[in-house]
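Going in written order, the chains are labelled A, B, C and D, and every chain counts its residues from 1.
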Amino acid sequence: MRYSSVDNFTVQELMAVFLARQLKDGDHLQVGVALPVPEAAVRLAHIMHGPNMELIFLGARMNVHQLEQLPLPEFGWDNRVVRWAESYSDRGHRFDQVKDWYRRVFFIGGVQVDRFGNTNLIGIGNDHQRLDFRGPGSVGTATLTAHVGRYYIVLNNHTPRLLVEKCDFISAFGWGDGGPDARKRLGIPGGGPQLCITPLCVMDFAEDTKCMRLMSVHPGVTVDDVKDATGFPLEISDKLTTTKIPSLEELTILRSRVDPHGSLRS
Amino acid sequence: MRYSSVDNFTVQELMAVFLARQLKDGDHLQVGVALPVPEAAVRLAHIMHGPNMELIFLGARMNVHQLEQLPLPEFGWDNRVVRWAESYSDRGHRFDQVKDWYRRVFFIGGVQVDRFGNTNLIGIGNDHQRLDFRGPGSVGTATLTAHVGRYYIVLNNHTPRLLVEKCDFISAFGWGDGGPDARKRLGIPGGGPQLCITPLCVMDFAEDTKCMRLMSVHPGVTVDDVKDATGFPLEISDKLTTTKIPSLEELTILRSRVDPHGSLRS
Amino acid sequence: MERQSVLATEDEVVNWIEDGMTIAIGEPAPMAMVRHIIRNRISGLTIIGSGIALDYLIAGGCVSKVISYYAGGGFGVAVAPSFRHAAQTGELEVWECDEGVLTSGLEATAKGLPFLPWRGGVGTSLPEVNKDLRVMEDPINGEILLAVPAIHIDVALLHASKADVYGNVQHQGGPGWIDLFLRRAANRVAVQVEKIIPNEEVRSDAWATTISNADAVIRAPYGAHPFYSRGHYVQDKKHLKLYVDAATLAVTGEQTYIEEYFRRHVYQTTSHIMYLEVIGITRLLSLHEY
Amino acid sequence: MERQSVLATEDEVVNWIEDGMTIAIGEPAPMAMVRHIIRNRISGLTIIGSGIALDYLIAGGCVSKVISYYAGGGFGVAVAPSFRHAAQTGELEVWECDEGVLTSGLEATAKGLPFLPWRGGVGTSLPEVNKDLRVMEDPINGEILLAVPAIHIDVALLHASKADVYGNVQHQGGPGWIDLFLRRAANRVAVQVEKIIPNEEVRSDAWATTISNADAVIRAPYGAHPFYSRGHYVQDKKHLKLYVDAATLAVTGEQTYIEEYFRRHVYQTTSHIMYLEVIGITRLLSLHEY
């Protein structure tokens, strides 16, 4: 989706800039494969306000704040990103220091996401051994979402089939059946999903119920657009706003230093 | 103890040569700190008949068959031995591959050793928090003896206080209360202690009872010498022999290539 | 007496593999050996693997069960096509897990334990769809955890930069994240390498040795093609698209293209070197990393 | 905005340490910090450590409990003298374990788990003399194992070859076997190093980085003296014998020598550099490795 504003930015660019603003200096940022919006967001944040961020890609740890360009990888498994490494984050034992993942920030998608931020990468259907749609699998999401300090659900689409009342399977536990102690009751230490960012809007989770709640709509999108595209009754924040558009500086840095090849504009 | 044979070898040399003969090509040999007899034995075996042995010292793995000299380390923590390393055996995760320890051979001492080959490095006394003699602690012996293919008890002394009916504490499980299935009953996979080698004799473990049994006495030692020095009633093998003395070749290699400074002769 | 070399041929290693075994496929993908398994029409395997490399073995008819945390696609498909089809029709049993659950099972084996506990997956559907996982209470604080059973591997196949003939392997740019877990849990491990190096080079930087005592080392330059090999080449996107398109068509009933793909790249060749001849040196050299 | 340095002084790090905390001492021994703890008369510590380095802290009056797998001696004594005496009189609580039990407890913490199971120690006295260890049946096959509770560390103190100012540490000749376990289980880690190196040198061999995100890096050349530091110097046997003899006499009631030892090497100095001046450059340079 391309906005016809003065800046003529795309919704992917809007999402990346929004997400970059959520990231704090000192965060350890782990991006999975094939997620260009978070990939761009962590690079932009690192350049703009995160000299002490740590970027974790493909098992390598890096701090590349001083580099002139931090271009997006050409494809998911582009190992050239490890040329920036200062160390390897796992050295053959990926999960030997999850204790310190309270500093980590993670980004997750899904084939289904429910109103409590539980996500499904297993598949759609009733019978696990004969699914209607077989998903790619959980990757590391069950483990990462259990331990990271906070995470963001980032979706490339916003449809009623994707944002559902209840996932057929849960591969990453968000807020379970709801309530602020949903995770604590199960002894899950990580801070849980914070926001869900889609091409239409940004949703947070209501403090008391941990139900997904419309927080801001992107420029040109109406509340009804979002409601129609969502498979569950959506709460609306009483502070509902329009998603803040990228500043000139943000967009300039994004395009010149992070996404010179225009991946987010195609 | 120095024998007045033609070769004039010491009992430490006798023990080292005997032990070297027990080691097979392909064995992975792990020697703890401050055990000069096993240190010498693994080097001698490696040179004489073990081109595919692996020597493990201080977290380093090495195969040094081709070296002219494999001198004993000057002291226990002599890190110069790691200069021969081909890899590090643990890389910060010492116990992440115990599955393959069936290939490992280990050597153990103790402040007490009982008739079933259980060993004690914790201490002597009744009250653990107020011991009569506080030992150095278990090091890695509880774990190693549970998993290694086989191990040898090697003692610098042979006294009734050391070789006891029952250990005050057991830090490494040998054959428990006896019987060939003592280890299997507890699900302990390693092959257990094979021999106990002292300055007086070599003892094995009777097949049916797993009681320590006199297998050979060193030259000049009588069966009564051993009985008097042992704190439990000792079985005598019906194949009792005298420990075979070092050959000229063994002693020459030991002295010229393994122990040029004469640690085992002092 | 001499120290024994473990340098081996593709044929020697494939002879270790019997129908029905559990075989692990590392990352970068050991494609020379993957193709040789397909070429030898081994079947009924349980594969621990991921992504498109896993898909090759499924399309090649070798697999009845997968232990997989991820079978993503790329090149226009979200999920590896043969995996997706076989899983949906029920031809393929899927042992559902995530990375942390899988590595716990692999670590249990390597540590000689029947299980390891893990927290990741608590609250999810994993213990419902995978009955081998048990929800347990920890014996000390009573916390809720998953008990993951030990996962055993008959043969692990890996790809790396270099090794000496004694099985000392050194990766450039770090090993793939799962390779050392697989190595530690496997009864036997065979490592394809870009280059054989002298033992002296190993000793000159012993800390760089990532695997010791490999049971076999196979010389296989460009052996991860069409995937990447760190320090050597990037993945061959054109070739991968060719495969993915052919496999995607195949699951819709049009077998011609995948049959032609396998005929040309697998069945008509008898070795990795012949495969490289089919790909051609021009294409291979175009895949340089920087 | 700039990336922050974690370069710290001995004083800054010792200020993290409060009476009664659990402090881990790596190997090679971080003796500059060990001496600084004694100099600052911190007490009631639980120490995870081993050997003579542990003995210093006990002799220095800092320790009420040890989590130790090994307190061997050397230089004429079989067991570290102050440890042995304090353990025998009951002044010192000993959390009895072996290396595999200890690392299981450290790994549990690092993995965010309340416990880990371990087989080593089954059948031994360890669960009798250490009530924190529980004999358990595994929930899958019913095998007998030990459940080892998570062991938490407030501060881990380590010694290494080199680090950049951002906390990327590289060991020469491998880290001590337990250091990375300690690092992963610790809330904070401070690493003494022989040398500070530029970040570019770290990047040029990222695989050599053994610890990242150290909370503090302390420049301490010869900082492991009188112990060894791989790649730099061997242990100072004469000096260690001096200490062991003094400590051995002290536990027989003759305190003069140990008091003089501590006065000269710890209390009369205020920093590691002053300590090195006491030892003298001639002695230090005599400890070269090869």
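Operating definition for what follows: a residue touches a chain if its C-beta (ideal position, glycine included) is under 8 Å from a C-beta of that chain, and two chains touch if they have at least 3 such contacts.
On a predicted model such as this, the values are computed, not experimentally measured, just so you know.
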| message | With contacts counted as defined, which of the two, A-B or B-D, has more C-beta pairs across the interface? | response | B-D
| field | Inter-centroid spacing, subunit D versus subunit C (mean Cα positions, whole Å) | value | 40
| Can you give the whole-Å distance between the Cα centres of subunit A and subunit B? | 57
| message | Rounded to a whole Å, what is the gap between the Cα centroids of subunit A and subunit C? | response | 28
| subunit C: positions in contact with at least two other chains | 111-112, 118-119, 143, 173-174, 206-207
| Multi-partner residues of subunit B (each touching 2 or more other chains) | 60, 82, 85, 88, 91-93, 95-96, 147, 189
| request: Could you draw the chains as nodes, link the ones that touch, and say if you get a line, ring, star, complete or other? | output: complete
| task | Note which residues of subunit C are touching subunit A in the complex, please. | result | 50, 68-74, 78-80, 83-84, 87-90, 93-94, 96-101, 103-104, 118-126, 129, 143-144, 173-181, 210, 227-228, 230, 234-235, 237, 289-290
| What residues on subunit B touch subunit A, complex-wise? | 91-93, 96
| field | Touching residues (chain side subunit B, partner subunit C) in the complex | value | 25, 49, 51-52, 54, 60-61, 63, 65-66, 82, 84-89, 91, 95-101, 147, 189
| remark: Within their complex, subunit A touches subunit C through residues 33-34, 58-60, 75-80, 82-83, 85, 88, 90-95, 122-123, 128-147, 169-173, 176, 183, 186-189
| request: Please name which positions on subunit D make contact with subunit C in the complex. | output: 111-119, 134, 136, 138-141, 143, 145, 147, 149, 171, 173-174, 206-208
